[in-house]
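Letters A, B, C and D mark the chains in the order given here, with residues in each chain numbered from 1 onward.
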Amino acid sequence: MNPLLNASHLFTWPVRVYYEDTDSGGVVYYANYLRFLERARTEWLRAKGFEQTHLMTYHHVIFVVRKVQIDYLSPARFNDTLSITVQVDAVSRTTIEFVQRVVGERECARARVKVACVDAVTFRPARIPNELVQTMESCQNGH
Amino acid sequence: MNPLLNASHLFTWPVRVYYEDTDSGGVVYYANYLRFLERARTEWLRAKGFEQTHLMTYHHVIFVVRKVQIDYLSPARFNDTLSITVQVDAVSRTTIEFVQRVVGERECARARVKVACVDAVTFRPARIPNELVQTMESCQNGH
Amino acid sequence: MNPLLNASHLFTWPVRVYYEDTDSGGVVYYANYLRFLERARTEWLRAKGFEQTHLMTYHHVIFVVRKVQIDYLSPARFNDTLSITVQVDAVSRTTIEFVQRVVGERECARARVKVACVDAVTFRPARIPNELVQTMESCQNGH
Amino acid sequence: MNPLLNASHLFTWPVRVYYEDTDSGGVVYYANYLRFLERARTEWLRAKGFEQTHLMTYHHVIFVVRKVQIDYLSPARFNDTLSITVQVDAVSRTTIEFVQRVVGERECARARVKVACVDAVTFRPARIPNELVQTMESCQNGH
């Protein structure tokens, strides 16, 4: 495992860099890191037992991104294998704040992403389904 | 005007190549030409007086792509200005076939795109709205 | 002109939302706002008389994004016309900080983007070419 | 295994559909299937023992797409898991023709993709490295 990632409870999702992700500067295009971050959040949610299609159909909610802060530290390149981490930093009744990292041979990017639970049709804030809140709480307590 | 484009009735839409469109090979990523082609078809439709949001809301139809044949002739690069052409080649009750070209300093790509009119919800084939058929017919007759 | 944009010196670049920009939530995908922001910065640079291809070939520098902070305020949708603004907020010898907004019928997003000038090959920090610094200074002074 | 895929020698690469891949029509955006096809070709090449970065550095060649024919049969949607197949259909000294399929619950797309080996700098046709030709020949013979 990449020594840059040493937290034992960290959810990590691997991403391979394909041509589609790069630009003519020879590196991953800056907007595409946000796609990697979302893939990892989606897979983190799935690993916890939640499918977004299920949340949409049965709870009528979707998650939308409210805020992103991202620092680009070192460029990732074509064919690199990256580890995308997901860590819940704060939870409110309708929002989740994640801290995420993109790590290849070196740390490529570090981000803080605030996601809001909204009604799937009106896009108004909605309560995060209870089961998900409980799952996140038990994770933060280290269980 | 680009001498490669000499047909007087050809609809043409300009596209500037940004970093987002390129890959680390230094050229436009092959899938992105399909985005350019669609931008031009959308703007062709708009130039004829049809907004897709209107077709969706009032006619309950959307257009989906059924088939693409594309030849990549010469790579387009970062910062190039491209002309994307749109020409209707064949029309049926539910489909339109376009011939499209991507032209920079040289011809970059040539494509044939078959688009189908479908119900916006069920995705089943639907008749192309009459006004649009009439507009296309009058164009093909050179009016 | 959009009344949400009333500063007389603001550089503004129009962007049309196509299918390629949206996701199945029915709105513009969050990473794609970063593509819009970059198109506007590129066109701002061009409007000031600087082509990135020229900066690369003759000054051996490219601009890379170091940091993005973006707040998503209101979702943009298919077929919307957006205005992307560009405002220089701070300039150092090797970096430029932009404040940018994405405005449709409502304000969709607000961002702060820090861009660094780097050597086109080594990606090490490089001085921003003098002519560009002077151009930015004269703009900030309101000329 | 998906019963739609019953050939024993078929290389198959799994792709999960994320929001980034979809559009506001609720389905995978048509250009994005080309990204999936390329991911599978890249992984097929890797499975055969060839890294594109190695081919570039030591053989000075890259692969570029010359021609795509793709039929869209049934839309893939958010959260679907797709199988992308790769089959070599024809090989010349400088080109490879692939037949590829995108299969979810139903067959979503079928494509024929012609790829050319070119010099990494001049983009002129180049011979496919011998080891790769031999590997493909042994596969076609069913070994």
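By definition in this document, contacts are C-beta pairs under 8 Å (C-beta built on N, C-alpha and C of every residue); 3 or more make two chains touch, one makes a residue touch a chain.
Remember, it's a predicted structure, so these values are computed and weren't measured experimentally.
Enquirer: Name, by label, each chain that touches both members of the pair chain C and chain D.
Expert: The common neighbours are A, B.
Enquirer: Among the chains, which has its CA centre at the largest distance from chain D's?
Expert: When every chain centre is compared against chain D, the largest gap points to C.
Enquirer: So what's the Cα centroid distance for chain B and chain D, whole Å?
Expert: Inter-chain centre distance comes to 25 Å.
Enquirer: Please report how many Å separate the Cα centroid of chain A from that of chain B, as a whole number.
Expert: 35
Enquirer: CA centre of chain B versus CA centre of chain C: separation in Å?
Expert: Chain B and chain C have C-alpha centres separated by 28 Å.
Enquirer: Return the residues of chain A touching two or more other chains; collapse runs of consecutive numbers into ranges.
Expert: Each of 19-20, 25, 27, 31, 35, 38, 78 in chain A touches at least two other chains.
Enquirer: Write out the stretch or stretches of chain B touching chain D in their complex.
Expert: 25, 27, 30-32, 34-35, 38, 62, 64-72, 75, 123
Enquirer: Enumerate the contact residues on chain D facing chain A in the complex.
Expert: 16, 18-20, 35, 38-39, 42, 51-53, 78-79
Enquirer: Write out the stretch or stretches of chain B touching chain A in their complex.
Expert: 19-20, 22-27, 29, 31, 77-78
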